[in-house]
Amino acid sequence: MHVGLEHYLAVSALLFALGLFGVLVRRNLLVIYMSLELMLNAANLALVSFSSYKNNPDGQVLVFFIISVAAAEVAVGLALIVALYRKRKTTHVEDLTTMKL
Amino acid sequence: MTALTYIFVLPLLAAVALAFVPRAYSVVMRGVAVGVTFVMMLLAILVFIRFNGAEADASGFKFVTTIPGLGASSLGIVCKLGVDGINVGLVLMGAIVAFAAACCSREIRDREKEFYILLLVMTGGILGAFASLNLFFFYFLHELALVPTFLMIGVWGRGERKNYATFQITLYLSIGALVALVGLIALYLQSGAQTFDIPELTERLRENPLSAGAQRFIFPLLLFGFGILVSLWPFHTWAPMGYASAPTPAAMLHAGVLKKFGLYGLIRIALPLMPGAAQRWMPILAWLCLGNLVYCGWVAMRQKDFNWLIGYSSVAHMGFVFLGIATLTLVGVTGAVVVMVAHGFLAALTFGLSGYLYEQTGTLEMSELGGLLRKLPFIGAALVMAAFAGCGVPGFANFAGEVTVFFGAWNVFRPVTVLACWGALMIGAVYMLRAVRTMLHGELPEKWANVTDAPHLWRKAPFILLLAALMLFGCFPRLLTDKISPSAGVIVQMANPVLEGNLRAEAAPAPPKSALAQGGGEAVQ
Amino acid sequence: MTWFDHLSPLPQFLIFSALKILGVFSVLMFIVAYAVWVERKVSAAIQDRLGPNRFGPFGLLQPIADAVKSFLKEDFTPAHVRKVYYWLAPAIVMIPSILVAAVIPFGSYLGRQKMVIADLDVGILYTFGIVSLGVYGIVLAGYAANSKYPFLGGIRSSAQLISYEIAMGLSVVAVFLLVGDLNLSRVVLFQSGGFTHWIIFKQPVAFVIFLVAIFAETNRTPFDLPEAEQELAGGYNVEYSSMKFALFFMGEYANMAVAAAMMATLFLGGWTLPIAGLDQPAAPGQIGVGLLHIAIFLAKMLWVVFMMIWVRWMWPRFRYDQLMDLGWRRFIPLALANIVVTAAVLWMRAGS
Amino acid sequence: MEEEGGRGRGAGKFSGQNLKQRNMPPTDILFYVFAALTLLCGVLVVANPFSRNPVTSAMFLVLTVASMAGLFVLLRAFFLAAIQILVYAGAVIVLFLFVIMLLDLRAEERRKVKRFGLVGALLSVGAITAIFFKCLSSSALGADPSPTMEGGTIALGKLLFTRYLLPFEIVSVLLLVAMVGVVLLSKKDLK
Amino acid sequence: MNLSLISLEICVVALGMALLLADLWLPPGRKRLLGYAAAAGLGLLLVANLGGFGVFGSTGTAFGGMFVQDGLAIFFKRFFLLAAILVLLMAIEFSDRISAGIAEYYSLIVFALAGMLFAASANDFALLFVSLELITVTFYVLTSFQRARLVSLEAGVKYLVIGALSTAFTVFGIALVYGISGRLNFGELAGVAGQFGDNKIFLFGLLLVLTGLGFKIVAFPFQIWAPDVYQGAPTPTAAFLAIGSKAAGFVLLLRVLFTAVPDITAQWTNLLIVFSAVTILYGNLCAIPQRNVKRLLGYSSVAHAGYLLLGVAAMSTAGQDRSAGGSAMLFYLSGYLFTVLAAFTVITLVMRHLESEDISGLAGLNQRSPLLAATMTLAMVSLAGIPPLAGFFGKFLLLKALIEQGAANPGCYCLAFTAVAGIVISLYYYFGVIRAIYWSPGPAAAPPIAVSRPIRISIYVCIAGMFYLGLFPGVMVTVTTEAVKALNR
């Protein structure tokens, strides 16, 4: 079976679903954040494969942006998580209950 | 620029000006409020007197004026004011009640600055709404007047159930208003006139009536939207509780004037613009109004608190107006308008008096009161007269209106009329007279030994004024009917398109019967 | 060799690649082994003692003895460690340096074969990518040990490596502005035709930054804070012994060797030498020239290794805050300025 | 998927037109290897049956990212493959590790997973995936049979600095903001 | 390349950097000045933009059609500038609650503004993504700025996770849309989008993009972050989030729906109607039991997103001429700007020294400061949509636009009634706030609240704006109608 665009897309979709699953199920902020990175990576894979199979470089440029933005986002996010940990001594989302209704 | 401009703009400007007066100067606030409403009243009387002589524009409105700048002319939203026979009386009534309310505002002792600002805004809103010839501002100004009502009840209201009452009245009235708003917007869009101008809309819809489907959709929105605002049974529960909790001036203004907005809207907009649906819905309305007349009257009988009692009675009186409107005849509609005006004075009067009593005694539980007539000769006398007016005793404007309505309704909804007569006249008489008896006659309890009557002319003025108005229009209803009939005729004609086709020959009054209406009016005289 | 020529290109490619990989790997391992020997000898000379001299002439067989010792020692796994990572970390340490070696052109041509395992167009980016993986071994070692000093060592090292990677990368950007290509073979070719064409002379600032960054990246003195004996009792490899410890040790030297190779490629002209026409790639027939190129490359590389060893025994260790200060507040701005100046000069030249 | 056959077959997605073909080209084998690695490691990041340790997740994330870089290479996006390793493996996940170690999350081991949440998540994720595959099987992609674009540094670089200059510059502002933010959030005592 | 088109953005970014630099040399006591400087700088830019001086007046496209300066963009840019100025003034008042880094706080607001300005002009998925992220990442920091307070950090983390999730959705959606159409540019996409109207993947991708934007505009079911974040974030941040971030989400939504895929928006109508209705009801119902003012405003913000979506629904139902719904939305947003900023300004001033912003903190406000009490009351009345304030006319226009489409899609009528129900429900809690101000007795010896001159001006601006838009909406209606011309087919 010849590998075509749809195979890459399938991988990408599965990866995206995996990430989403992680975000929904895992309760450790750090792992949730990793799952989010998986989702972003899935999008990157989709973009690159489309771009390659359709001979259109725009998608790869966008991936470049996504990667750099993701890096910035991770930096801020981790700083935030560390700051929270210092205060609250947890990275477990179920412990973030200060503002429950 | 006509007198109407001033009637509308003066109180609002005064309200803005008061915002900049330091709160310590409460005398200034009261002075400004009373002064401005007094000027308004004079202006309104002037308009009323000069109405017959004034020149009408193409669509039959007089004193037409536009306030520049307000609104968005690109959407056909222009603040245009004007009066015809139907609303001239309402404007007059509104202005008089506003003055009376301002005079009765002495009972407010704290946060007077806010109170008088709200009062003036409310006054300007009400009168503007009645005078507005633009559908948008018609609604807009009514809402503008509603907000102060809520706030006044909430802040200055009385009783333990104040909060509940405030929220109930707020929610009920907002629902009503918004439902009506949807209807109005739909009407505007369906008409295709690209304008909110009422005369233009009327003109356009006269020539190209709305499709039956559109009417079927829009009319109930307006009927029930406005109906809720007027405490149409079964959407009336907010009214007694709200009035019982409201501070006197708010109750006077709302029960007296603002509530009439819904009725006015039905007459001015719903009937002429959607005749087809009106024909279909009016019998239903007629039966609903029995709920007001009989059921609410019945409930009024069971009340122990005087304010609740007059609240229910006020709801009950709305039934007359609905009945008059439901007839879709010249006589009926004319009568309805007369009742509107009369009830405005009456409601303001009763709430003003009850407010005075409350101020003196701190309670309105009828079982606790008694024999007050001896201590309060003036107030007591006024209250007795108000009760008579409420029962529909001839000589008061209510009688003129109610009788006209019955004349109009007799041919159209005979069973309803019979029931209504019974309900309104018998039940009304029972509860009103019983209230007078418990409160004013009999033993005077010890604790009320030092209540005092209205001490000077200023305290008596509002009641005298309102009573005078009631009696004036009771004795000379022609002052009103002469103005109302021509305008009502136009509306009724539009509302009965089938009349010309003689399709409802047996139900609709033949044209000569409208002469009978005139006759009825004369008979009263 | 006729059977060989009849093969289709893919098996040919595979066979040649395998050969090159084998060659590079064995040479690298050899260098690693003898770098240790050199280190001990050099340090001995500097400290005016003899160094290893028992096993073989000049102690030349000492590395073999060391290896045997490492294998024969008891492989002790402390009870409190995190087992999986404890096993994994030493293995990971070696991987990046070996992977980086794949893109370094260690010679021009032997026959028709280019003397580089993978001639990537994104060569330098690839290198940086792989180099940046080097931190995992150390961080995991620190984490796996599950005790205080290794942990601190791991933290220190990750911070240090990340910080200096930036300076290193930025310094190289200027080089690539000059060359206009990321392919390392072309970087080497760019430097042919005279000593002044070597990038060390065109980009001295970049060279200095790169040099210092290499020291930090390989955890060598004066930047050996992650394993500083006096402070952390050996840092991330406290809990390790026998062969696992040896792997860390080898990893360090492999890193050094590869870093030296990078240095030679980027700044010192790679396999070129601007005398006797040695700065041009060898023609298919010139096997000797090809071999000479490889020798030149190895010589340059070994010189750099030697220099790194020399520095280790001559310099005191930095304090941690000094290290960070140097990286973030001196080198990164300097490298940025260097980029800007280079770009401006190039722009003006292109304009004129 | 089957119901859509009438329309979807023309596009020939999973209908396997080449099932008979025995000798796979090496790139295809590599694809399956990398894809399997990517997904396997992805699963181990998210739902590792053996360990709830975030470090393990992070390490498998490295492997996922690396195998994705392999896929990128197969797609001839060399530049991005290098960037992927450089940024994700080299910086982002190191940062993760760094933080995990800094926080020393050893106490944070097993907590009860809520059944309800798990089932809900599975259902919703499953639904999204199913929808996606259904879409995939029923719509035309209009793609070339094999990767045609060479994602080289020069080609992308040129685009980046001409057409996409504006986003590029905005990203630089974004990085500045992130830097300021991180400093603010993590500096011990701010003056 | 037409750099003059982005001169405004360049100035704003430069201003942000200048603030960061100036912070280095200013002594700690004078940092307040920076806030005023930033506000003044933005004020100058706003004036220059309104006046259309020099380079600020031009329209057109730049960067290969990626950046578009049309009526819509200009409208939103002025909108964002005004919002940022008012938020900055608020931030100055808030500065004693921020233990450190106040200058950075100002500059981050300015950077977030830059992101919004770019978003207003985005005509390409790349620019959309990047500007959206600039806004989002800046807000992560702005939200968790009071890192000494646990709630602020928690809010930051929640916003972070949900924000990153929305980013992932957006990006995956962009990937699919791009993949099928091969275009990132909205203009080019519009040309070919019609032929992908029945391509499921394309539509799925579009849906994911809309989902991602749904997070930004706080629409159901992507609203879960809003209450917590509004409650926990520093008040000026919450205000900027409520107005700036949301408006940016809406302008992008408009661009995506009506510029990028103008031919296939009609099929979204029912979806939009349902989500708008649910958003309205959810926001309003959940707001009822709230005791924390900021949390209440958070839920109310959800509801307002619903009202605004109503305009989008009307636009997508409309055939050729979408200006009715569009101008209503823009008008509503403008009114919302003044209203919500007035409310947050009052909260900032009143609750300056309170740890939790409970409604009871407002008790007795009219004794402590009649101006603030009146402002809050007006804001609540306007939010509730009662004449004569801006909120009413906005809702009126939205309802009008919606009912206009009733003939085309009866669902619009249902939505209109839902909106009416929502308005009525909302009265309950808005009046609850007013009640707290006026008729619950305040603390006995509460000191009067000092209102500084700049903040007084900003309050007057808000009040004037509310009244102006409510009483004299004509000009604004014209302006907004002009602005949305770009979205007509």
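All chains are identified by letter, namely A, B, C, D and E, in their written order; residue positions are counted from 1 within each chain.
Just so it is clear, a contact is a pair of C-beta atoms (placed from the backbone, for glycine too) under 8 Å apart; a residue touches a chain by one contact, two chains touch by 3 or more.
Values in this document were obtained by computation on a predicted structure and should not be read as measured data.
Participant: Starting at subunit C, how many touch steps does it take at minimum to reach subunit E?
Facilitator: So the least number of steps between the two chains is 2.
Participant: In contact with subunit B and with subunit E at once: which chains are those? Just list them.
Facilitator: Intersection of subunit B and subunit E contact lists gives nothing.
Participant: Could you work out which chain's C-alpha centre is the most distant one from the centre of subunit C?
Facilitator: B
Participant: With respect to inter-chain C-beta contacts, which pair, D-E or A-D, contains the greater number?
Facilitator: Taking the two pairs in turn, the one with more contacts turns out to be A-D.
Participant: If I average the Cα coordinates per chain and compare with the overall Cα mean, which chain comes out closest?
Facilitator: Measuring from the global C-alpha mean, the nearest chain centre belongs to E.
Participant: So which chain is farthest from subunit A, going by the mean of the CA atoms in each chain?
Facilitator: Taking each chain's C-alpha mean as its centre, the farthest from subunit A is B.
Participant: How many Å are there between the centre of subunit A and the centre of subunit C, using C-alpha atoms for each centre?
Facilitator: 33
Participant: Quick check: how many Å separate the C-alpha centres of subunit A and subunit D?
Facilitator: Measuring from centre to centre gives 7 Å for this pair.
Participant: Taking the mean of the C-alpha atoms as each chain's centre, how many Å separate subunit A from subunit E?
Facilitator: Distance between chain centres: 26 Å.
Participant: Based only on mean CA positions, could you tell me how far subunit B sits from subunit D in angstrom?
Facilitator: Comparing mean C-alpha positions, subunit D is 70 Å from subunit B.
Participant: Can you tell me which residues of subunit A touch two or more of the remaining chains?
Facilitator: As it turns out, subunit A has residues touching two or more other chains at 9, 19-20, 33, 44, 49-50, 54, 56, 58, 61, 65, 69, 72-73, 76, 80-81, 83.
Participant: Would you mind listing the residues of subunit E that make contact with two or more other chains?
Facilitator: In subunit E, residues 126, 129-130, 133, 137, 140-141, 144, 147, 179 touch at least two other chains, as defined above.
Participant: Any chance you could list the residues of subunit D touching two or more other chains?
Facilitator: As it turns out, subunit D has residues touching two or more other chains at 79, 83-84, 91, 95, 102, 132, 136, 141-142, 163-164, 167, 171, 174, 177-178, 181, 185.
Participant: By the document's touch rule, what are all the touching chain pairs in this structure?
Facilitator: Final set of chain pairs in contact is A-D, A-E, B-E, C-D, D-E.
Participant: Report the residues of subunit A in contact with subunit D in the complex, numbered from low to high.
Facilitator: 1-11, 13-15, 17-22, 24-28, 30-31, 33-35, 37-38, 41, 44-45, 48-58, 60-61, 63-65, 67-76, 78-83, 85, 90-92, 94
Participant: Report the residues of subunit D in contact with subunit C in the complex, numbered from low to high.
Facilitator: On the subunit D side, the touching residues are 26, 55-56, 59, 62, 69, 78-79, 81-86, 89-91, 94-95, 97-98, 101-102, 152-153.
Participant: Which residues of subunit E touch subunit A once you look at their complex with the stated criterion?
Facilitator: Per the stated touch rule, the residues are 125-126, 129-130, 133, 136-137, 140-141, 144, 147, 150-151, 153-158, 160-161, 164-165, 167-168, 171-172, 174-176, 178-179, 182-184, 227-228, 231-232, 289-290, 295.
Participant: Taking the touch rule as given, give the residues of subunit D at its contact with subunit E in the complex, in rising order.
Facilitator: Those residues of subunit D that touch subunit E are 131-132, 134-136, 138-142, 163-167, 170-171, 173-174, 176-178, 180-181, 184-185, 189-191.
Participant: Can you list the subunit D residues touching subunit A in their complex?
Facilitator: Within the complex, subunit D contacts subunit A at residues 13-14, 16-19, 21, 27-28, 31-32, 35, 38-39, 42-43, 45-47, 52, 54, 57-58, 61, 64-65, 68, 71-72, 75-77, 79-80, 83-84, 87-88, 91-92, 95-96, 99-100, 102-103, 105, 108, 111, 113, 117-118, 120-122, 124-126, 128-129, 132-133, 136, 141-149, 151, 155-156, 159-160, 163-164, 167-168, 171, 174-175, 177-179, 181-182, 185-186.
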